[in-house]
């Protein structure tokens, strides 16, 4: 399958809508382990992104869209997730430069670059109860499924499953990074908000890809 | 009947106990129209008086006891009621000077002097929704009953009835003095806390007189 | 009601011990009465002594305002209760430096009676005492009866004027003149969102529904003039200013000092949002803001809400407001 | 949740408008980003620029501390969220006077990442930036992992040291040295009694029973280390100090600066009662209190509770703490 700049914009809008729907839930998760604002922050960031996307259309390159998304998100929110997702989108934009149409490999490379950005910026290891616990296994699954010859949609579905599992596993982890790390034992039993929104982002993107694919077939 | 210094001390102790019992109720009344502390203030004042009374015994004159009560109450509470009752007891002490035994007329004169002190210090008129609305009719009844030839206990009973009626009538008055005066119409329906404690003081004193009388007869 | 206290009956004494320990450079307790708090360094020959006071529970007022350019001593009362004459008199003796003493307090029955008794006793000792009762609370009595009004947050601005005048060497008559003038041009309207809890009763000072506010509420929880649904800050600020300006009109070219005072538990964020609209409204009317105070100056324990005070200043008042002050809980360079 | 606000999404912008209007003698907004707030009068050639920052909701920190002897600029974040690099960088450019700039902030993941990004960008523009992350919160990580700890009320004392050092002409290296030293000898333990309400979620930051308190709670409502029944103030103060002194022992002859910091809705009366016991305990240990701060310096919206901070001072730190400061929400003569 192919993803045009217009499709890419559409996929990003859908993520913004998904976050908007879930923002109260995300804040509630953060209330248990952090400062209770993760939904607010993600909503502010993604709504700013959605507004910024108005400036782009099918003629824009995915690279420039992606870079603008990163900078917009960052300047709208700051916070922990601002630098993490900004770095993700800016790194991701590097592999999409000049492109108004993405093939399946471009999209895989985009996600891998983006998540590497998150890892480098945040320096969190898997198991520290952060968004990395969703993103890291998701990327491992994505790569494995591609190597096993699956198509993009199927591979992304595997990645989403891994993200979901990673997200759920954070409930059993002792927090090491971010605000919740002060909690120690008391963070047990609570799912990490950043891992949860990470799963939602990937899940939403995968839905878009699947519906584009079914439209195309 | 006669009232000794020891009886007088006893009567004052009883007042302190009565106020202590009713302090929450008095604060609740003040909560509706003032700052909610009338019971606290009266309790602090009367408990200080009770402690001070330890320094006196049957050899003390009623005048010196009475003056000490006034100064002790004042310095323990300040507030609106401090100067009012301090003035009352200091004026009252003037008619009891040098006496270790009081006759019925002494006691009547004591109360009249005391209440005149309240009127002069506070400059409140009857009808302004203050303790004066209990004290003023009570003294009128006390004088009238004495003039009609009733004994002290009976006259005090009449005074208590008048105080009770005056106290109740404050619920229908617009406040003019004290904290509650800002309320205007909204003070309607609420009984004045100071009028209520005034009634209690006189009622408690009258009970003491009646039981002394029944003991004597 | 949850509070960081030991015994409800000991809160005032323990607060004073802590206060004096924390600020021993500024204040001391007098030996006879621990509720008599005076400055360590402001009393000087020929300077008028400035005393303010009232009940506890309004911190930083009154004791946090003892210091250079402000007040010289504070007799401290129980929570929301005037101090008795005894500490007032003791403070009066300590701060009199031959030029007489001014008593400043909000116009409440209890304060009037106790301070008057003290003034009488001080007079008998040959100390000249004058009194200015502060009456800035617009909600507390109608326009024609200004002298029956109560003192609330405007207390702070009036103390500031008196303290500066005394520090600048004004005579007692002159301090009284300028302080009365300050009081006459000072108006406050407040809004309450949540009650305070008297540590000694454990009860809320009043009841408000979860979406209610009350306009004109007193700083001791005395009921206000109008209860209603909570509104956006801009509307609330507008209503408070409407009432102030209806009472004391300001016109183009007038100058005002603005005080947005917090009652205890409301956030600074909200004060600045209220200030923002206040400044807009005054700008629309062409009123110049000479100086602004935004924060907690006269609280009501942990009551929620705030008040807006305007003082209409002439050159003299403006100059006195600009005079520096150095106190434990208020410093102005 | 009742608040004097207009739109939840506009609280930070409107607060800043009000703040800058009220304190225009001290601060201004930079043209490119209204969240970049800088001093009107402290930047001077050769002086190290001092920047502190973080999320909104901690007022008087951070923006109320812009002024002489304190900080030169503050990039402002959303409520409890680090500002992004953009306003940090803009403030950096504005306060750099050729001597370099120091970034000071509580050690939170978000602040670290955003300030580091800004520092990198500033470095690319030839501005030398150094960073000291404040880590005073004893409850936030065990003793051997001090550098993972968070910054809470101790922020204020560390800012004070840095601001004074810069004002006294220390070089950037020297400001970094003394500020790091200050951070290393500053410890805080807090107790929370009631939650704050983020105006944007309308939800309480945590739940506590009507007779519960929580020790070690963070200034953004992050859960603490120990929940329990509320105790008398003297016991609470004792527990907080025990934990501080177990972490940073003080012995006879040592000197300390004490800060009792209110989180938002607790009364000054309670702070002084907590201070009283703190002073008693330090006196018993023979520790001299060099200077004390009691009030609201680093709040957490309207959270209930307070913290106790000790800074163990040597001559240099004592001298810097005594240096005057003149800011909108903090003045020291």
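Quick notes on this structure:
When the chains are written out, they are named A, B, C and D in that same order, and each has its own residue count from 1.
Here is the rule we go by: a residue touches a chain if its C-beta (ideal position, glycine included) is under 8 Å from a C-beta of that chain, and two chains touch if they have at least 3 such contacts.
Treat the numbers as computed from the prediction; the structure is a model and nothing was measured.
Common neighbours of subunit C and subunit D, by the contact definition above: there are none. Graph distance from subunit A to subunit B, where chains that touch are one step apart, equals 3. The greatest centre-to-centre gap from subunit B, using C-alpha centroids, is found for A. Averaged Cα coordinates give subunit B a centre that lies 54 Å from the centre of subunit D. Once the centre of each chain is set as its mean CA position, subunit A and subunit D turn out to be 33 Å apart.
Looking at subunit B, one finds that none of its residues touch two or more other chains. Among the residues of subunit C, none is found touching two or more other chains. A linear topology is adopted by the chain contact network, the touching chains following one after another without closure. Every pair of chains that touch is listed here: A-D, B-C, C-D. Looking at the complex, you find that subunit C touches subunit D at residues 2-7, 11, 14-19, 21-23, 56-57, 59-60, 64, 191, 193-194, 199, 210-211, 213, 230, 232-234, 236, 258, 260, 264-277, 279, 292, 294-296, 299, 301-302, 304-306, 324, 326, 329, 331-333.
If you check the complex, the residues on subunit B that touch subunit C are 24, 27-28, 31-37, 39-41, 44, 74-84, 121-122, 177-184, 186.
Interface residues of subunit C facing subunit B in the complex, by the touch rule stated above, are 9, 55, 77-86, 108-110, 113-114, 117, 137, 139-141, 148, 150, 198, 200-201, 203, 205-206, 216, 218, 220-223, 225.
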